[in-house]
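What follows is a pair of complexes built around subunit A, which joins subunit B in one and subunit C in the other.
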Partner chain A sequence: MTAAVFFGCAFIAFGPAFSLFIFTIAKDPLRVIILIAGAFFWLVSLLLSSLVWFIATKATNAQDLTLQKNLLIFGSIFSVILQEVFRFAYYRLLRKANEGLAAISEEDGPPLSVREMAYVAGLGFGIMSGAFSMINTLSDSLGPGTVGMFGDSQYYFITSALMTLALTMLHTFWGVVFFEGCERKRWWVIAVVLCVHLMVFSLSLLNPFYVASILPVYAIMLLMAVWAFFSSGGSLHNITLLWTCKTRLKPI
Partner chain B sequence: MSTSDSEEDSYNERTALVASEIPSVPSYQQDPDQPQPADMEPRRRTVAPEPAAEPPSLDRSAVEREPVDLEEEEELPLKYGAKHVIMLFVPVTLCMVVVVATIKSVSFYTEKNGQQLIYTPFTEDTDTVGERLLNSVLNTIIMISVIVVMTIFLVVLYKYRCYKFIHGWLILSSLMMLFWFSFMYLGEVFKTYNLAMDYPTVAMIIWNFGVVGMICIHWKGPLQLQQAYLIAISALMALVFIKYLPEWSAWVILGAISVYDLVAVLCPKGPLRMLVETAQERNEPIFPALIYSSAMIWMVGMANPARHAEPTNQDTGSSDEEAHRSEGSALARDWVEPETQVSSGMNRSYSTEDDLDEEDRGVKLGLGDFIFYSVLVGKAAATGGDWNTTLACFVAILIVSVAVRKTKCWRRK
Partner chain C sequence: EAAYGQEMNIQFSDVSCNSVAQKIYVELNNTVPCVRLLNATHQIGCQSSISGDTGVIHVLESEADLEWPLSKGPNPPYMVLLESSLFTKSIMMKMKNASSRVAGVVVVQKTSPPEFSPHTTCPNENTGVYTETYDHNLAHCNTTVWNPRGNGLSYEEFDSPVFSLKEDNETEVIKQCYFDHNRVVNGSGLQYPLCAMQLFSHMHAVTDTATCMRRSSMDFSTSPVMVCDPLGGYNVCAFIRPYNSTAFGHKENESVVIAAARLDSRAFFLEDSTGAEGSVSGFVTLLAAAQALREATQEAPPTRNILFAFFHGEVFDYIGSSRMVYDMKNNMFVIDLDNVHSILEIGQVAVRSGTNLFLHSDPVSRRNNTVHDEVGVKCFYLWHASLTDFSQPLPPSSFQRLLRARAIPGIVLADHQTDINNRYYESFYDNAAHLNLTYPSNLSPEEQLEFVTDTAKSLTEVATAVARALFKQAGGNNSQVNKINADPKTVTQMLYGFLVRSNNSWFQAVMAPELKDILQPNPPQYYVGVAKSSHQANALTYLVQYLLANLTGTATNLTQSQCKKPDELPNESTYLYSYLWVQGVVPPNSTQRESFCVRTAVRLVKAVSPAFDLGDYISKEYSTWTKSQWKFIKARIFLVASRDLEMLTLGVGVAVLFTSLLVTYFVRTKADVLFSSVREPNNAAY
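Let's look at the complex of A and B:
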């Protein structure tokens, strides 16, 4: 039972991200490095925001639960803002590195387009964020025992896995949209991404009322997927070409 | 101390091994498409000979290398650098996975029974925090001075061409690693999973494992088998360090070793630098048993003698560890560290030698680096029990190792 839960939740949470990694990233060493560097940037943003939260909790009364919960909410909002700031910082770093590479590369143009970097960076953020959310839960799900005995929801593991999957995909789409917005100097895109991120966070506060949190988050994820698709050059024309296998799609 | 000797011996052995044992047949050339080693290596090489007043051969080789290195650097900067970085990510990740899996499942390596290495004599069972901190700093000072002394002794031995001594020492250390430590490890795994086993079967397993390991590391063998053995040895050594180093001392030592590593490799008077330069001067490869290489090139009678250095580098790491083991379980570990560090330093300086054929050149990483990273991640896994910490350490190590290699590359340039 515990092994089944472990494997099921692991595959739900990490299956798509893992397949994306295997099929699109693993072959190209440059993409792997950008992925890991993206994961590192997310880690640093989390570290800094957790420092803020840690100091706040240590400086206040640990017994006051409402205050602690509010501090947690404040810490998480700060973390969301910091994650987007670091996403922007990573964008700047990648742009600079790409220009440097293009200048010395023997091929025409940079080795990686901004859209590729956007996708890889977003996936890096997503994988790290998902891993940090899910790994301890997965390790606990191996047992012995399970959740739901003291009135907690018995769906904790599976909803955690679903939420992790949604968050990983959302980070990927946000990366694509964000970088595209920065490239086109559309700064409102950054603000929209930040707001959507905050919205997803506040929806997660509705747990354990999972219907109210998981379903809207997935709806948002689908909307973001459509936005990312159109933002990175996709169109209805491309989709029809894909379905009818008429002609090769142009690389982005 | 014998441990010091072993350290220095390991370095000498490597060169001795290279000089005496260069195979006449190219063996198991893997991955002919491998690009040249990371950009930093060429840079390191060009930088290495410059500060020292080396004989003309060295200057010539440096001059020869420079234009080629610059060319290569300009042409294939990030692409090959990235590929090399990935080629190192995989074994480092594997080693860390083995160490973390063992730490999480076999409780032997996290049990503290008060036993400590003689290199860390000050106990951490003190009453106050200040005392504990002082003890760990003192332990670190002792450990690092042992490492420095051993490295210098090794350089001295190498300079005076005591190759047989080094050779023998490396073999002894690999023996200890491959037989004794793996026997202990196997025993603990059986205990953890409550598997019954008889002595004749264990003897067969360990005998086969050890002999094949010795052959692969010190002589010829399939590249992947050799890489697997080097990873296994590094993991075993890291586990021993995790078990026997007290908590705070381990963290302070890790910090001090990274500083020492940078200093020893980059300083003009650093022992590792001198070792590399002497080896370059003599056109000899460095010890094979202490360096993990992603490509094996065994070529004899080449115009560019520098190339010999690369294949031989693979073995030095293991010999160091063996030397340590012969000293005694507690002592053995320390020897590995300096040896591997020296080897890693030497490795780096040698990796740039191959100007001729980029594709044949793999990347090299000293086993000391493997052990160092694995100890870090293993300690994180053992201390917290929290998977987030372990994962964070893993990602940080990958990024920092890339950054450090690039920095060393640029600084030596």
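Let's look at the complex of A and C:
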């Protein structure tokens, strides 16, 4: 659909992730490493789950469409579960690494707090997930044609980009909440994150009824944003403090 | 992950490859493009831009409807879809002049118009014999315009791609897409998304042959990259008494009568060349005459030899015949011009009014008495054909090239007295229907092959007359003449094979086993094609070669390995003959073909314009036609979105990016205020 749509969708899908990367991650090499390792963990989880799905499809009749559709749903659910498992595995790895880094560091104590690692790991998961969802669609958006020949909606590209944006931010928030829950030994947090992830996946099955899928997903994203804000040390008091700080600085 | 599920859920028809591109584009596979040809001075044909040309589809309903794409339509550029009845010069020229609004043209082949010839009015006017120096009055068709219906469309240059489609499923998809999305409702504006088409036919060569040949040789790597290829092929030649094929030049005391016909044809879309009246009528008659002469010349060989010459590439400034004359002049052919006694050429002979046949001769050379007498003698032999007006020049024919070299007596046989009878000269409509080749509807393909049509009977008469005239011209015994008769069954089988379906039992039987794949359920293609460096000819050349071998050669009982190396046997010689292993018929009670070895005097002689051997790419003497090369040619249809939606997407994207940059910067600077939790004292920045 030409360059305008390509850049528009690319900015929508990856704009926030890009700005987060530039302002909060790029300057610190340790954060960059954790980000990329997080992305790698997500990729491995996707690889394993798709291997399972692939074997399942090859072992069954390819012509039976309902069976294939059900296999796909099963495969996706398995993938969601596996992603959360890998997130937990990454948490354990980072905890161990943190102790080691604290031992060799010149400063007193670990260089990164668990909260920071949570945020960076979540962002890593989010960026990789977004890239996987969107890159293929983006490359096809560069041509002169748009979706719709076979009855699909012509808003396909925009909605894909919006879903990718939501998913990236959701992964970031889930990372923060998840690590905090593991840190405080609140295991119910893990279950809730898993359930929310499954809920988002099942909402995406409602496509192409975009109103029914995108709006709820954004609502969930806002709720998760609020939860992540509170669980990473924010509070309403801090927000009011922000306002008064601003007003206090002004008279000078 | 959710989007991964989303993508896979929407497209469920094929689990194998769920690409977004499959939701967008529909590729069109059965298209025939118009390509670029170049000669010494011009480039003709069509060209698209390097990344394809896209346009909103508009189905043209009449010439008045042309206003919509040219001026009124609100969403230029348009891709105009025409039916073949609207494919006229005036419409094409109007669209050529409005190339900013017309991205390309697609022609759908449907009913044939009453007459249409995209060729020029005076074919091959600069390379025939009638130049200013030869005879001022006869040059440039001053006295007789041979193709008055010609509109010259094939020789125009178009900046936009022009493609041709058959009326089949793909065209239905295009029309459906147009009716669903592009039709104007009550004169109001069109609703996006609109149905559009993109055509890719980017040609590498530009300007003229000299430029593209220079660019081809500029590459200094070991494998040179050609930008254009010279047109050419092979002529099919057979002597009644063959000569040693390695001994070139003049043959003492040998006098040869040449019987010539043309093989090739063209159309606006080169790959769709039919050529029923233009070339098939001529060479099928000559093949039948060759068969008729076979017995008589074997029993009582005439004094003079007869050469059956089928020239290829004649449409493009006489490639085949100019090559043969060049070879004869330079001692590169088994005979030379001094050996040629006279020539009888068969032109277009199938569209006769009644039983009329006409003999055309060249008035300028007949001013010489010996030539005049010889021509008179020839005409006497073809006594039931009438001679045309003495002052009329020859129609476009290979004989003109021989005349350019030497004043040889000769005649061109045709069904027209002045201008040609062919309403579809060098166009796609010159096909079996034009010759009224109709078969009763209840016949199977094999029965149709055997059915003798009226056209076949008419051509058989011509073939008989030609064979007898050739026999007498070659000095044969008069008493044998009445035994020479062409076979109507052979003629009708050849017409079926060349105009309806080449994959039939007879053609299968005469072809070699390794070539049987060139036989298709359609007629063969008559465009001469590019001259290949390997010894490969196109389907038409092989068909004529093997047919002529079957009709004039002898079956031997050599085995297949002996057929490959016959020189080891005492009575066989590859200097005089060529030995071809052919498939043979399938006997009724078995499945194995009875293949055998044919000994024949038929040879393929290279037919590439001498201009390329001489390196003279601006030659006025010889044909300089080349065809451009290209990387790929394809066509596809899809929907396009409105500009507003695209800009909206871009705007939203930029807004999201800037907002997120601002918010992130703000949150970062105030992070210590916002996220005030228990923190290690050394960790300063968040």
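Following the convention adopted for this analysis, the second predicted complex is superposed on the first by the 244 of 252 C-alpha atoms of A that agree within 3 Å, B and C clash if a C-alpha of one lies under 4 Å from a C-alpha of the other, contacts with A are read in each partner's own complex, and residues count from 1 in each chain.
Everything that follows uses one rule, which is that contacts are C-beta pairs under 8 Å (C-beta built on N, C-alpha and C of every residue); 3 or more make two chains touch, one makes a residue touch a chain.
Model, not experiment: these values are computed from the prediction.
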Classify the contacts of A:I36 with the two partner chains as first (subunit B alone), second (subunit C alone), both, or neither. first
Of the partners subunit B and subunit C, which touch A:A56 in the superposed model: first, second, both, neither? neither
Touching partner for A:L101 - first (subunit B), second (subunit C), both, neither: first
Look at A:Q83 in the shared chain and tell me whether it touches subunit B only, subunit C only, both, or neither; answer first, second, both or neither. second
Name the contact category of A:P208: first (subunit B only), second (subunit C only), both, or neither. second
For A:I135, using the defined touch cut-off, is the partner it touches subunit B, subunit C, both, or neither? Pick first, second, both or neither. first
Between subunit B and subunit C, more extensive residue contact with subunit A: C
One more residue to check, A:A225. First (subunit B), second (subunit C), both or neither? neither
Overlap the subunit B and subunit C contact sets on subunit A and report the shared residues. 111, 132, 136
Residue ranges of subunit B touching subunit A (in the complex, touch as defined): 74-79, 82-83, 85-86, 89, 386-388, 391-392, 395-396, 398-399, 402
Which of the residues in subunit A come into contact with subunit B in the complex? 29-30, 32-33, 36-37, 39-40, 43, 47, 101, 104-106, 111, 128, 131-132, 135-136, 139
Residue positions on subunit C within touch of subunit A in the complex are 1-10, 12, 15-16, 19-21, 23-26, 52, 54, 177, 192-193, 196, 198, 636-641, 645-654, 656-657, 660-661, 663-665, 668, 670, 673-677, 679-680, 682-683, 686
Going by the contact rule set out above, which residues of subunit A touch subunit C in the complex? 1-2, 4-5, 7-12, 15-16, 18-20, 22-24, 46, 57, 62, 65, 68-69, 72-73, 76, 79-80, 83, 107-113, 115-116, 129, 132-134, 136-137, 140, 143-150, 152, 154, 156-158, 160-161, 163-165, 167, 197, 200-201, 203-205, 207-208, 213, 217, 232-234, 238-239, 241-242, 245
